[in-house]
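Both complexes below contain subunit A, partnered by subunit B and then by subunit C.
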Partner chain A sequence: MLAGPIQELVDELGRLPGVGPKSAQRIAFHLLEAPKDEALRLAASIAKVKEQIRLCSRCFNVAETEICSICADPRRDPAVICVVEDPRDIVSVEKTREFHGTYHVLGGALNPIDGVGPEQLRVRDLLNRLGNDHDHKIAEIILCTNPNLEGEATAMYLARLLSPLGLRVTRIASGLPVGGDLEYADELTLGRALAGRHEMAG
Partner chain B sequence: MLAGPIQELVDELGRLPGVGPKSAQRIAFHLLEAPKDEALRLAASIAKVKEQIRLCSRCFNVAETEICSICADPRRDPAVICVVEDPRDIVSVEKTREFHGTYHVLGGALNPIDGVGPEQLRVRDLLNRLGNDHDHKIAEIILCTNPNLEGEATAMYLARLLSPLGLRVTRIASGLPVGGDLEYADELTLGRALAGRHEMAG
Partner chain C sequence: MGTFRDEGVVLRTIKLGEADRIVTFVTPEHGKVRAVAKGIRRPKSKLVGRLEPLTHVTMMCWKGRELDVVTQAEVLDHFRGIRDDLDRMPAAFTMLETVDHLAVERQPMPALFKTLVGALRVLEERASPVLLGAFLLKALTLEGIGPVVASCASCDEDAPLVAFDAHSGGFLCRSCRSGQAVSAETVRLVRQILGGELRAALAAPPSRATAEVERLATSATEYHLDRRLRSAHLSSGFG
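Let's look at the complex of A and B:
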């Protein structure tokens, strides 16, 4: 129905996450009507990402160089490692501006049904980082996996694995989102918020 | 926060219609993790569309050749011209499988606020098509612009312009969508449905 190259583009766009057939068609026609240099800039950006981006050899964050910009930053504290599932979780943590340590990207979470065990994650690389820490600089591991079934199982597994090493192992808090409403909170979240209550100075 | 090339890609993706910052980031990381040939196929598709697609010299549909596949198809009836605002409206009409004539793409709708008058649309090209029709083959013009303010104004304008030429000029029906519900219909649509009522054989 559509001219060949447009249909091809619609098909390729439809493979992207969150892009349905209608959006794919809308984006394809947008690109068709857009100035040529704007459309080709997008094509070039895709190629550039595939050419130039690799994983940091230390933390497995996305990087342009051997070591990512966070690991290479002397202002970041290498004594605190925040363990995340995915490089995009680093973006979320960085946006808080609350964390000044370094990261370790697992590359997923434990999921026996999908065949993801500790060997499929970068657990051994984390242990190697700790093993190579001869000056005992690393003081704390923050388990920042998602607060869902797989993320909790991964955090539990890592806590058991790392606790004997004499490090402080912490888990991010679960509870009500800021600006939230008790009335609309699900019972699991509210239960976690109660269990995780803390002293409040008067 | 993100490595340069990824941030560039997120920015480029964020310019696409219907793609917000979160979706842009999700798509960028998807492309980063996707097999290289899959990502580059998308980049190549964009370039190919910009290189190979042009507008049909007769109806202004998107085409790979001088004349689009619909205009070139001998099974299509050149006596009936369906006037649409945009090439993607042709896709919608074609999906109905109800129309076997040809098209004319206006390239928009009248919109005095945005400075779109008849000169900015392909109205003159439509008149030229009718003027060159020395055998008086063209019998009907179906005004298939959107049933909104601009589309209605455009249909009204074209109806006035074309009626004196002794052609049948028709407008697509407005009314309740099939599978719809009177209770949820807005009053304008229901009003149109009543005004456009037709005899029903018992």
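Let's look at the complex of A and C:
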């Protein structure tokens, strides 16, 4: 049994995702032995995110202001909305530098077994955005949910909901990882890659 | 300790650490298996795409004390016809959720496994309105907790059956009736399902009776599991 405050820290760290009891103890002792200002810097940055970061009122990305930096950027095309499950997915899409539209964060994916239905996601907020389009006509919705059972179900659900509204609804393509071997590809991925093949100019 | 090989249907997965998942399978020989799939969230993992929920596989596992470790998986069926159809998926989710609650770790259950795979194959071929109800009633019967259908579950009289009450254990006659009112056609369909005429029952077109079968099967399952089937209530076309 450890001294009260250190045990408390171990318990708190152990609640973090991916941190088991052993790692929690290692991190706690690391912080205990680290220079004071280093440890306090960590404490301060935790306090700062909790105080200063909120969700963008338009797209639900993480933001420092009412509207996130992407929604506020006049160079971004507000007529194209990329729908993602989680703010971290925005980071991944941004890294590609291929997308110049805006986003909408659902806050998860349909997962009936865990009780997540459309009401638990920000589907209504998406529909409200389409109805109240900030003076811009929304032309395309890109469904960028994960290519797993829950993400595909979510994409199919949204496609059914959105397609009668007369805008373009697209789904990101599914395919093989660059540098991967066909020989090791799973049948579902390879099957989808074949179904989604495109013309190639010679 | 050591390794084992078995077939399995993936029921659910949850993220673990940076790149792993814990995959829950139902298997014929080892019952419910919970195993770590290491590195599966990395696109180049040889397990990626093979251990999604609703996948029928053969796999090899290391036996662990609490969790096993999946070392290899080959896909037998992805059930793409279900996966790509929003209208068939809810029934599949409810089947997986039910089996997740019925199956017991390390306890062989070849009949339940076979029934699940069979039902998923039927679902992939066509959307029968009694399929989900039939699956649930069969699964309960295999567990020895199926409903009484031959006579009144309360007084055992061979009278016409007019109601279904999971609490009483099955169909009820006019004088004992409680629970959900049912038509004669509903009783006939349930008798077909449990009496070896499944194929005929599955061919029934959608009707009030087929809806009643699904409702009574869901309530019987929830009564025996002592919990709500979350997917069954979100299911109706995802609300």
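Everything below uses one rule, namely that the second predicted complex is superposed on the first by the 199 of 202 C-alpha atoms of A that agree within 3 Å, B and C clash if a C-alpha of one lies under 4 Å from a C-alpha of the other, contacts with A are read in each partner's own complex, and residues count from 1 in each chain.
Convention: contacts are C-beta pairs under 8 Å (C-beta built on N, C-alpha and C of every residue); 3 or more make two chains touch, one makes a residue touch a chain.
Bear in mind that the values here come from a model prediction, so they are computed numbers and not experimental data.
K.L.:
So in the superposed three-chain picture, is A:L194 touching just subunit B, just subunit C, both, or none of them (first/second/both/neither)?
P.N.:
In the superposition, A:L194 touches no partner, neither subunit B nor subunit C.
K.L.:
For A:G18 in the superposed arrangement: first (subunit B), second (subunit C), both or neither?
P.N.:
A:G18 contacts both subunit B and subunit C.
K.L.:
Per the contact definition in the header, classify A:E64: touching subunit B only (first), subunit C only (second), both, or neither.
P.N.:
A:E64: touches subunit B, not subunit C.
K.L.:
Taking the superposition on A as described, I'd like to know which of subunit B and subunit C A:F29 touches: first, second, both or neither.
P.N.:
Only subunit B; A:F29 stays clear of subunit C.
K.L.:
Who does A:A72 touch here: subunit B (first), subunit C (second), both, or neither?
P.N.:
Neither partner.
K.L.:
Touching A:E119, do we find subunit B (first), subunit C (second), both, or neither?
P.N.:
second
K.L.:
Which partner reaches more residues of subunit A, subunit B or subunit C?
P.N.:
For subunit A, the partner with the higher number of touched residues is B.
K.L.:
Tell me which partner A:I6 touches in the superposition: subunit B (first), subunit C (second), both or neither.
P.N.:
It touches subunit B, and subunit C stays clear.
K.L.:
Does any part of subunit A touch subunit B in one structure and subunit C in the other, and if so which residues?
P.N.:
Common to the two interfaces on subunit A: residues 17-18.
K.L.:
Inside the complex, what are the residues of subunit C that reach subunit A?
P.N.:
Touch residues, subunit C against subunit A: 12, 15-18, 43-44, 46, 48-50, 52-55, 75, 78, 80, 83-84, 86, 89-90, 93-94, 96-97, 100, 230-231, 234-235, 238-239.
K.L.:
Spell out the part of subunit B that touches subunit A in their complex, as residue ranges.
P.N.:
Spelled out, the residues of subunit B in touch with subunit A are 1-6, 8-9, 12-13, 15-19, 23, 25-32, 36, 38-50, 52-53, 62-64, 68-69, 86-88, 91, 94-95.
K.L.:
Going by the contact rule at the top, pick out the subunit A residues touching subunit C in the complex.
P.N.:
Answer in residue numbers: 17-18, 110, 112-119, 148-149, 152-153, 156-157, 160, 177, 179-180, 184-189, 191.
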